[in-house]
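Each of the two complexes below includes chain A, the first together with chain B, the second together with chain C.
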Partner chain A sequence: MKFRGKIIDVACLNHFTRVVTTISKLTKTCVLRLTPDNLFFILSGKVTNGGVSMWCELLQNNFFDEYQMEGVSSEFNQICLEVSPENLSRALRTVQCAKSVKIKLTKKHCACLTVAAELPTLSSASRVVTHDVPVEVIPRRLWQEFKEPVMPDFDVSIYLPPLKMLKNVVDRMKNLSNFLVIEANMNGEMNLKIQTDLVSVSTHFKDLGNPPWGEDASQDGGPSQRGDPELLAEATVDIRKLQQFLVGQQVNPSKAMCNIVHQNVVHLILLHEDVSLQYFIPAVA
Partner chain B sequence: MPLSTQSQSEDVQDVLVANLDNARSLSNILKAITCKDHAIFTATANGLKVTVEDCKCMQANAFIQADIFQEFTLKDDIVVFQINLTVLLDCLNIFGGTPAAGVSTALRMCYRGYGYPLTLFLEEGGVVTVCKINTSEPEEPIDFEFSSSNVTNKVILLSESLKEAFSELDLTSEVLEITMSPSQPYFRLSTFGNSGNAHYDYSKDSDMMELFQCNRTQTNRYKMSLLKPSTKALAISCKVSVRTDSRGVLSLQYLVRNDDGQICFVEYFCCPDEEVEEG
Partner chain C sequence: MNCVIEGNCVKAFGKAIHALSRIGDELWLDPMVKGLALRSVNSSHSAYGCFLFSPLFFQEYNFGSASKHGKETIKCKLLMKSVLPLFRCLTSIERSVERCRISVSTATDRVVIQFFCRHGIIKTHNMHFQESEALQAVFASHLCPNVLRAPARLLADMVMHFPPFQEEITLSITAMKVTLRNYQEGGKGHMKTLCTEMSLHPDEFDYFQIGLDSDITFCLKELRGILSFAEYHSLPVSIYLGAAGKPVCFSVDDMVLEGTVLLATLMDSESNDHSQPTEPRSPTTPRGVNSSAQAVDAFEGPSSMHHDIPAEMVTSSQGSPVINSPNRMHQNMWPACLSLPGSTCTSANTSPASTKICSLLFKAVSSKQDDGACAAQPPVLACYSDEENTDDNQPGSPSL
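Our next item is the complex of A and B:
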């Protein structure tokens, strides 16, 4: 197993760091999966993380100037590592002004992702800073837990309102209730609702637009087959999970979408130029 | 604007309807009196009065005159209800506490009467939020029987002079002592905390002193915990009047200008701390 990557472009380094920092706000530990073409940050939905799952996919080519990896075997040319994204984020944040940053899989007292950077100094000599981020290698027999999530058979797919506004509303609603109902229809309408003994609040977004999955959808179960576009699909979620997702977002995505499986799951998709992030929040009973 | 297209039949049933183009005109002033969860709303033809009380010896009132509102319609002579103020503020600020430049949140408040919730319609950038907040039986607000004819001492100061003192108040002091006198030290704020005693003196000739009418020397102590919340009102005000009556009851009146330059008032009443005798 070998991995060695090098980033020399300052914008790429910056962007990569921001992605890792976003991931660190979503979860304390996750799986980093390395393949010849991609890096994935994965959180599989378990009871211990409240059933939330996450899949973040990066095209290695858009970040790394040099990228070499050798997986577990030629047949299974991947590496899966359990890592704390906060540790990786911290290491990366200290080397933002580096001329180049190398990330390697190493073995120190345990397996590590070593972040080594050449930093400029006032004199002509540069200094090398090394961070060893401990990781745990995940054996191949557990890899099936970290497969790419299947696009759920959603009832509604809709573009999200501006994330900043969404975050403001969710932040206030969190002060009032633990649970939030997200409902939306194929007519570009989305409502966020909370209800307690003391107060009920509902926020109505219009003209959001619906992603054109319907046109490409397969014959059975595509959303365009569902009939009345006014029909609302809804899911009740733990408001803190939605807030956690929104707090982490550092960059405005080029596309932000929400798929709802009625009373089952809320599937959030953020697309940037070279990163895609999917986040699944299960509905509460 | 979507808010003004509520059906006519709804309006007929509401005893109070109030519209504001900028919800901050209400939320900012309510923040200045938020020290307890519950507030009493009293609406009359003059406008809205919101009252918060603490320990039966402190009362904060915010006055928002009817002409601040773009519409203020009352079906009864007086409408009174009690509501959770922190919930109300979360609703008024649903689109975020700090709006982007040039963006304001429009507000419409409707109340159908006893037993009904207070309904708020808030709109920003085409997005509408509807809130229904439960109301409850209003408690009778305390009447401090503070009369202008019984005022012993009165000063009016520019708020900026007091802001520094109030922000630095030694909170380890259980009381804030206010001395007002026709002679030195004229107007003094004192604290007695763990690190020692501190005094803030304001001379009657100071530029900051807009009015000075002190008839006899009075020293009164007030519980720090009751007066500290008044710092929020001070922070948004331009002038403050400080008055004490013969019993040592304190009246603080703050002149507040909102975003549109309109004037509102906030008033704090506080009873003196019983343990200390008057000087």
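Our next item is the complex of A and C:
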């Protein structure tokens, strides 16, 4: 197994660091899957993380100037590593001014992703700073846990309001209740509601727009899609999970969408130019 | 003693207090003929900081109490948490304070700090102090085999790569390069942590003298204070180091002030000779102790100090100060017996208890304590106070 990537462009380094930092705010550990064309940060939904799952896909070409990998075998040309994104993010954040950054899979006291940055100095020799991020190689037999999630058979698909606005609302609602109801319809309307013994608060968004695939899916005869765009699908989620997702977002995505499977799961999709992030929050009973 | 600091310099004075606050919880104010010294030491006596402001730094500097002749100079010990808040917001001090007067009144056992601010506002702060012997460390920097001098910017850039919670780092020096890496104790913990390493070429230093290849491990946290002071004043930092176990000295100086931080370093463990010397794991071995004893001999005679370092004199010392520290870092033995002329660290017992350290400043004498027994402070035979302080009312009681 070998992996060696090099980033030279400062903007790419910056962007990559921001992606890793966003991931680090979502989860303490995740799986990094390397293929010849892509990098994936994956969190598979388990009871331990409250059923939340995440899938983040990056096109390696958009970040790395050099990228070489050799997977476990030629038939399975992939590498799966369990890593703490916080460590990786910390390693990358300190080297933002580097002339070049190499990331390689190495073996030191354990398997590591070594981030080696060449920093500019006043003298002729350039300074090399290395950060060894410990990782654990995931054996092939466990790989099926980390497959790309299928798009759920959603009832409603809608564009999200600006994330900052959403975050502000959710932050304030979090003080009042632990559970939040997200409901939306195919008419571009979305409501966030909380209800406690003393108070109920709801925030209404209008004219959000619905992504085109919403209509396509409904032609498959999905339940209650046809004919009534006013019909609201809803899911009740743990508000802290939603907040955790929103807190980590540092850059406005080009597209932000939300799919809701009624009473089942909320599927958030953020698309940037070269990164896509999907986040699943299960509904609570 | 009383002195007046002019507006621009108050910020520098405050910065020095900030730097010392990274080291210890108490601040010693020590007026001397050659200037006002501010000192601090940490609870486990493995870090010591001193800033000496020469009389030229002050607008006025009156040393010695005006009233009595021949009275010994007062050495005051203040709680850092009383003093630090006065200088906490340096930008507002810079904007509004025109001058600052500090005076020590033995009659009332108070230190009075007055800020004369714009618009005629005068802020007066009174703090009780405890009279105590100044704590001083001796360090023969001229005997150090390795001496480096680097611009503060260089060191700050290096240190920036380590996370703020990183406790200890290891500095390795050879003729070819200087390497810094984070230090982790052995065990399961280190499997999950980020390991960072970087190297510096000798050319990057303003001055590079190497007499001995060595690896020293010391606490980074306590160093950051003086590095930030040096960076602010754009002063180069001089580093004096020797073999592992011997203390390392970081100092800055200017025409009117000198700052020094002495840090204990992790002792090499004899049993790990075959592996890298930078990972001492086992407890203090007899050899370790002997080498401390050697350290002791070497530092006798503080007289001919390196001109950069303020001549500091060892004050009395008794026996071997071995102090058990609850501090996690020091649980793994930091026997950096800096200096005890006349004492022998060999009486530090050679038991396998890995939590012994030798104190930097040898006024305290410890009792041997068991591992993990979280220190009740050992009885102090020498004369500085180390009881818990309430600043109220211990007028002039010589501690113990």
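The rule is short, and it goes like this: the second predicted complex is superposed on the first by the 272 of 285 C-alpha atoms of A that agree within 3 Å, B and C clash if a C-alpha of one lies under 4 Å from a C-alpha of the other, contacts with A are read in each partner's own complex, and residues count from 1 in each chain.
Going forward, contacts are C-beta pairs under 8 Å (C-beta built on N, C-alpha and C of every residue); 3 or more make two chains touch, one makes a residue touch a chain.
Predicted, not measured: the structure shown is a model, and the values here were computed from it.
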### Task
Determine, for the superposed arrangement built on chain A, whether chain B and chain C clash or fit.
fit
### Message
Tell me the contact category for A:Val133 with respect to chain B and chain C: first, second, both or neither.
### Response
second
### Task
Tell me which partner A:Lys108 touches in the superposition: chain B (first), chain C (second), both or neither.
second
### Query
Should A:Lys99 be classified as contacting the first partner (chain B), the second (chain C), both, or neither?
neither
### Message
For A:Lys46, using the defined touch cut-off, is the partner it touches chain B, chain C, both, or neither? Pick first, second, both or neither.
### Response
neither
### Message
Looking at A:Lys28 after the superposition, I want to know if it touches chain B, chain C, both of them or none. Which is it: first, second, both, neither?
### Response
neither
### Query
Regarding the shared-chain residue A:Val169, is it in contact with chain B (first), chain C (second), both, or neither?
first
### Query
What is the contact status of A:Lys206 with respect to chain B (first) and chain C (second): first, second, both, or neither?
first
### Summary
Minimum Cα separation between chain B and chain C after superposition, in Å, equals 6
### Task
Name, in rising order, each residue of chain A that touches chain B in their complex.
161, 165, 168-169, 171-173, 175-176, 197-207
### Residue ranges of chain A in contact with chain C within the complex
84, 87, 90-91, 94-95, 108-110, 112, 119, 121-125, 127-134
#### Entry: Partner chain A, residues of chain B touching it in the complex
84, 86-87, 90-91, 93-96, 117, 124-134
#### Entry: Touch list for chain C against partner chain A, complex
157, 160-161, 163, 190-201, 203-204
